[in-house]
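Lettered A, B, C, D and E in written order, each chain numbered from 1.
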Amino acid sequence: TPAETTEGSESKELTKVVVSEFRGMNYAAVHIADAMGYFEEQGLDVEFAVYGDGPVAFQGMHAGDSQFCMLSIEPVFRAFDEGLESKVVAALDTTRLYGFAGSKDITEISQLKGKTVFAGAPGSAPYSFIWSILEEGGLNPAEDVTFAQMQYGASITALEQGTIDASYMDHYNRNKFSAIGANFLVDGADMETKKRVFGSEKFEGSIITATKKFVDENPETVQKFVNATVKGAKWLTSHSDEEVAEVLMPYHDGSTKEDLIERISLIKIAYSPDCKISAEGYEAMENFSLKTGVLKNKVGFDNIIDMSFVEKAQDVK
Amino acid sequence: MRSIDKEKKRYFSVVAIRSVFIIAGIFLWEYSASSGSYNPIFTSYPSQILKDLIVFFTSGELYKHASITLTEVFWGLFFGSAIGILLAIVFGYFSFIGEIITPIISAISCIPQLALAPVYVLWFGLGLTSKIFLAGLMVFFNVFSATYGAIKSMDKGILESANLLGASHFQTLRTVVIPSCMPWILSGLRGGVSAALVGAIIGEYIGSKGGFGWMITYSTSYFNISRVMSCIVILLFVGLGLNKILDIMEQKLLVWRTVTSLRMENLKNQD
Amino acid sequence: MRSIDKEKKRYFSVVAIRSVFIIAGIFLWEYSASSGSYNPIFTSYPSQILKDLIVFFTSGELYKHASITLTEVFWGLFFGSAIGILLAIVFGYFSFIGEIITPIISAISCIPQLALAPVYVLWFGLGLTSKIFLAGLMVFFNVFSATYGAIKSMDKGILESANLLGASHFQTLRTVVIPSCMPWILSGLRGGVSAALVGAIIGEYIGSKGGFGWMITYSTSYFNISRVMSCIVILLFVGLGLNKILDIMEQKLLVWRTVTSLRMENLKNQD
Amino acid sequence: MSYIDIINVSKSYADNQVLKNISLSIKKNEFVTLLGSSGCGKTTLLRSIAGLGSIDNGKIMLDSEDITHKNPGDRNIGMIFQSYCLFPTMNVFNNVAYGLKLKKEPESKIKNEVMSALESVNLLEKVKSYPSQLSGGERQRVALARSLVMKPKVLLLDEPFNAIDAKLRKALQLKVKELHKEYDMTSIMVTHDQDEAMIMSDTIHLFKDGVIEQSGTSAELYLTPKSKYVASFMGNYNVIEAEIFSKITGGKYSKEHTIGLRPESIEIHKEKLEAKANEFILSGVISNLIPQGNIVRFSVKIMDEYVDVDVLVDRCSGFSIGDIVNLKIKPDKILYFD
Amino acid sequence: MSYIDIINVSKSYADNQVLKNISLSIKKNEFVTLLGSSGCGKTTLLRSIAGLGSIDNGKIMLDSEDITHKNPGDRNIGMIFQSYCLFPTMNVFNNVAYGLKLKKEPESKIKNEVMSALESVNLLEKVKSYPSQLSGGERQRVALARSLVMKPKVLLLDEPFNAIDAKLRKALQLKVKELHKEYDMTSIMVTHDQDEAMIMSDTIHLFKDGVIEQSGTSAELYLTPKSKYVASFMGNYNVIEAEIFSKITGGKYSKEHTIGLRPESIEIHKEKLEAKANEFILSGVISNLIPQGNIVRFSVKIMDEYVDVDVLVDRCSGFSIGDIVNLKIKPDKILYFD
């Protein structure tokens, strides 16, 4: 396997590691670690494979395409139920900055009765989130609203056109939505609602995972990977938006520096400085998944989360 | 009589061998999945798909999604082929216009429609229209190019004959051009059937509230591969069914045609 | 001389009129976006796209992504058409096998490849292979059906002539079958060009490390429509370029063919 | 009054000028044949008359109307194409019925006319066959029936019988002639068969390289060819250069004209002959003998020259290869060419 | 020793039996013609010999080898197709050079042979044209050149000259005959032109409805046809039913046979004639007069019957329509059919 370590070799050959991801701002720590050469320091040669969707990226990992996968935790839970065992080895954020935007005339969740909303792909994290928001707002999501399914990129068009009445929104796209005069039914940074929906402010949903088998067989590689990631996270949380944007540029072909700065400024509050998943956060995530039907049975922290690598990584300089 | 019997025999052995192939494939799939040579979660396997199909059917969901997708496919096929044939004919008459516009059509057909999701939503919303448009567009590319090509390669002589015998433009079209281009139109339609199905599904990916495309995305994100496969199996059957209709049309419409085989021994036996 | 001049004149006026159309379209688009009749955020507009294209180019990103996508397209076209033509010929020889297998191919072409994303990833991983496979598969459907159809409709007489003059199977293929099916093969390739581009892009949607499909997904998720449009514009040009190559091949390879127009007046002027 | 006028018509394919300023008048109800070597432009001219090919220059008038730019379908012209051009998608019946159906004739009338046309071309058994299932001659007969059934005012026939056996051909020639008369048609036929041309036509126009070399009745062309070309094209004229003729007549011939002699105008005798005034008597050896149906053609070697002599098959007994014979050439049978 | 043996060959298209148990032997270096009405199965037989069509029953032997199931390309047979079947994608030169190129002959040799073949079919000017740019006759000549250039052991010609004008046709007939001899070919030709058949062939096989009605030299078939069918097919026999002949001879004819009379075997006179033993003298009126090249055919009306009489064009002066004439029929010229 490409993950074979070549310890002891004089020329310090790098271990090749492939990371599959659905490229987003959430995983900045890893990109920084890559850009700053932290992986190389650890003896890893990291390559990124970008998928159109998290769950597919995750399947790619299980099919042997990659060693690590960066995505939201829900598919990992779901797959666990299906018999695909994975270990979550680090988290990259502390909370979820998901938002929910209504069209001009929608100011209350309750107004969405009988309307069409977009909540991302069914079964995805945003979907569960919106589902809960709607329940919170006193609606029965299964009956009171129609979930339209579309490409994320089409959502803002659909909202403006009136094809849908409310849409899931990534926090970093907030300004685009306000440009079309959308109302923020749930603002990404609004912790109050979030606490009600998730049961906790902590919600370390953007994670790095690997298959259980890989973690069991290659603890050193995992450790090295996590070491670099944690170092990246530290750098990330201790530098200015401009500096971060500068470093991230190569990972976001097609975005200008201004775009990046804007997005970073919007979501940096959620960046995790230590990459840990708290017991409280896990509880919230598991409960939330159970509530929204992603999970059928409790999984249990230890069965799916392995924080030992992150713990060890904290001291690495 | 004799030769009809031969025909029938041949047909049955073709169908029989084909069935054997398919069944063998299914068994191999089932076996390799159940023997654990790979994790069946990625591809599911026949018995599981069958179970899921039954659930899909009995729950009434199949009907709901099928009716959505099939409506899109039907109208897509209809508009796509009608406009495709029509435009091919128009360009056949006004070849100057044809030369101007066909490269534009070729170029447009190179755009991955999925990328235009926002544009489609902008233009057509999330209803049937966008899916029909997309399916129709993809059918159009197929049928148009097949028909236009056939017209450009037509035998001039029979057009001239028809004209001399007093046929108007429209009559020539109906009685000579369309019948003699029929093999190509039908082959375009065969491509069109696939295109309509794929187009409708992609349309549903772009944005929809139901249909097999919706179901596939939904199931994919829940790792419910059996359901994805169920949808694919149904699409396969729809495709087969539509192709069968085309086969029948071919048999009815192309009685005049003799099919060429490249092998001398086969050629010989074709009377 | 005279008639060559006429040809040239005709060609230039075709190109000129086509350009006028395109430019008019661009202006209309620019105007309607800038006049605010709709929110340009959804479709962007020409001047913005141009600006973005310049950035895209100067940043070196264009080169990087283009080389990825074009590699996939190239190999997809290559394998898809090679296998398509080959299989069509094989089925032309062994028409019995052809009858058995073609319906299966038609049915498979009805599967929206996007739905099989997990399966492809399983089989081919994330590298070039999966994209080439997908592009190639879609090219294959086009080229195969065009070539197979052409072979089935070939004039038996010329096969017989070639055989009598001592041509072996392979020689007949090379000297008679392929040249006389060339109009259809080229038309299949035209469809194949689109298919390769679309296939490569869809492959990149499923998962990739770069390429226009990657760029489109990425940009879409940040609502960066100008970039999406830039990619589409580039794909359009790639499509036009490849079609131009086919035009040139057509001119070289099909000197023997006279093109039919349905209009009597046009027919008349074709010598 | 002429009915069809072809006035200064020219036509080129690229550098190859096929019709060179051709003018031709055809009277109403005339049956005209175009003769000429292969590739000389006969089909091109017929197609121009039908309106199927553009012409570069000139005018075509039909019944005093300029039809040069008129749509072929509006000319009431029927044409039997050299390559038949049957509709491959229609069976024999529908091919023949095509034109009548377009005219919206009543079903029963169509059926009657088609069946009788098919009967006259002897194809009743093939009504349901498709063109791809017919033999060459059968296809040609369908093409014939398809045009005849329309009873056009002008009928153009491009080698209409060349794939049909002699016996049926005779019958069809008669049939066409009959329809031509019955329906007051004006017909223009291309044929390579001199007999056919002579039997059927009122006037023959002989082409050479895109110009008309000679026009006239078949007898005129046959008996008084204007040039060597016509002579050699029409019959099987012995064309003998002045010098050579002078040599074989032992210097008795002293003019400078090349001479033409029809093979059947030469008398052949075994006995010695006396030459009367201006007559030539040549003596030679029979070197070959080719039966050609009702005549036998002797090739007689005189010095180093061969002269053809035709004799009715029943008058030729007694001659065989190697025999020494005397040929008598009467002066009025000799044609002189420049 | 026969070279090609066709043994009990049968072939049907659906319900239509085209070849009915045909057997035929052809000697090495023979030039054979197949005659028969259109649609009687001539092309089908040729194709079977070439190996292009399957046969239902029977065997085909070439040089004592059973080739029934041998690949056409391995038979060293050349064929000129009725429909030419030129390669539309190649120009004239390449069409003709095709077979030689496959044989990997040296370039220069190919060029020479092709050019000389094209010269002999008079197509040098068209070397670069594509088939779609040729006239009908030109296409046929390309087809001819393409086969001849190969010098096959067996040459099958399916109406090889029917689109070519008479003058060139003569030359090509000679050319083919010449090559036939020079290269020891065995040739089988289909033609509708009796003259052609007679000029070219050693043996004629006359078909009728898928069986061979009569085989023989042209003279045999012409002079001693075995049946009414052969008689009416070969010449322009007057076929007269016994009853009618009895009537027009005033009862002098009393047998029960239908009789056949070649038009040129009848003497025509203006003066009254005395009948010698067994001779018949009939008197009638000239009702029509058709010039046919070197002969003129009189149609003489005797009571209600028409009898054709052929006279060389130079011997017929003095006769015109409406004249009363006397016909003399010699007994040895009469053929009797059942």
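Rule of thumb we're sticking to: a residue touches a chain if its C-beta (ideal position, glycine included) is under 8 Å from a C-beta of that chain, and two chains touch if they have at least 3 such contacts.
It should be emphasised that the depicted structure is a prediction, and the values quoted were computed from it without experimental measurement.
Counting hops only between chains that touch, chain A reaches chain E in a minimum of 2. The minimum number of touch steps linking chain A to chain D comes to 2.
In the assembly without chain C, touching between the remaining chains still links all of them into one piece.
No other two chains have as many C-beta pairs in contact as B-C.
Mean C-alpha position of chain A lies 38 Å from that of chain C.
Separating the CA-averaged centres of chain C and chain D is a span of 54 Å.
Per-chain Cα centroids separate chain D from chain E by 19 Å.
Distance between chain centres (mean CA atoms), chain A to chain B: 39 Å. Residue positions of chain A with contacts to 2 or more other chains are 56, 59, 63, 151, 153-154, 156-157. Looking at chain E, residues 13, 52, 71-73, 83 sit in touch with two or more other chains.
With touch defined as above, residues shared between interfaces to two or more other chains in chain C number as follows: 42, 117-118, 122, 155, 160, 163, 205, 220, 225, 228, 257-258, 264, 267.
Every residue of chain A that touches chain C in the complex is listed here, in rising order: 18, 20, 23-24, 47-52, 56-57, 59-60, 63-66, 151-154, 156-157, 160, 170, 172-173, 176, 179-180, 252-256, 259, 263. By the touch criterion given at the top, residues 39, 41-42, 55-56, 59, 61, 64-65, 117-118, 121-122, 125-126, 205-210, 214-215, 217-225, 227-228 of chain C touch chain A in their complex.
Within the complex formed with chain C, the chain E residues making contact are 50, 52, 71-73, 77-79, 81, 83-91, 98-99, 102-103, 130-132, 146, 150. Residues of chain B touching chain C in their complex: 10, 14, 17-18, 21-22, 38, 42-43, 89, 92-96, 99-101, 103-104, 106-119, 122, 141-142, 145-146, 149, 151-156, 159-160, 163, 169, 172-173, 177, 183-184, 187, 190-191, 193-194, 197-198, 201-202, 205, 213, 216, 220, 225, 228, 231-232, 235-236, 238-240, 243, 257-264, 266-267, 270. For chain C in complex with chain E, the residues that touch the partner chain are 155, 157-158, 160-168, 171, 175-176, 179-180, 182, 255-258.
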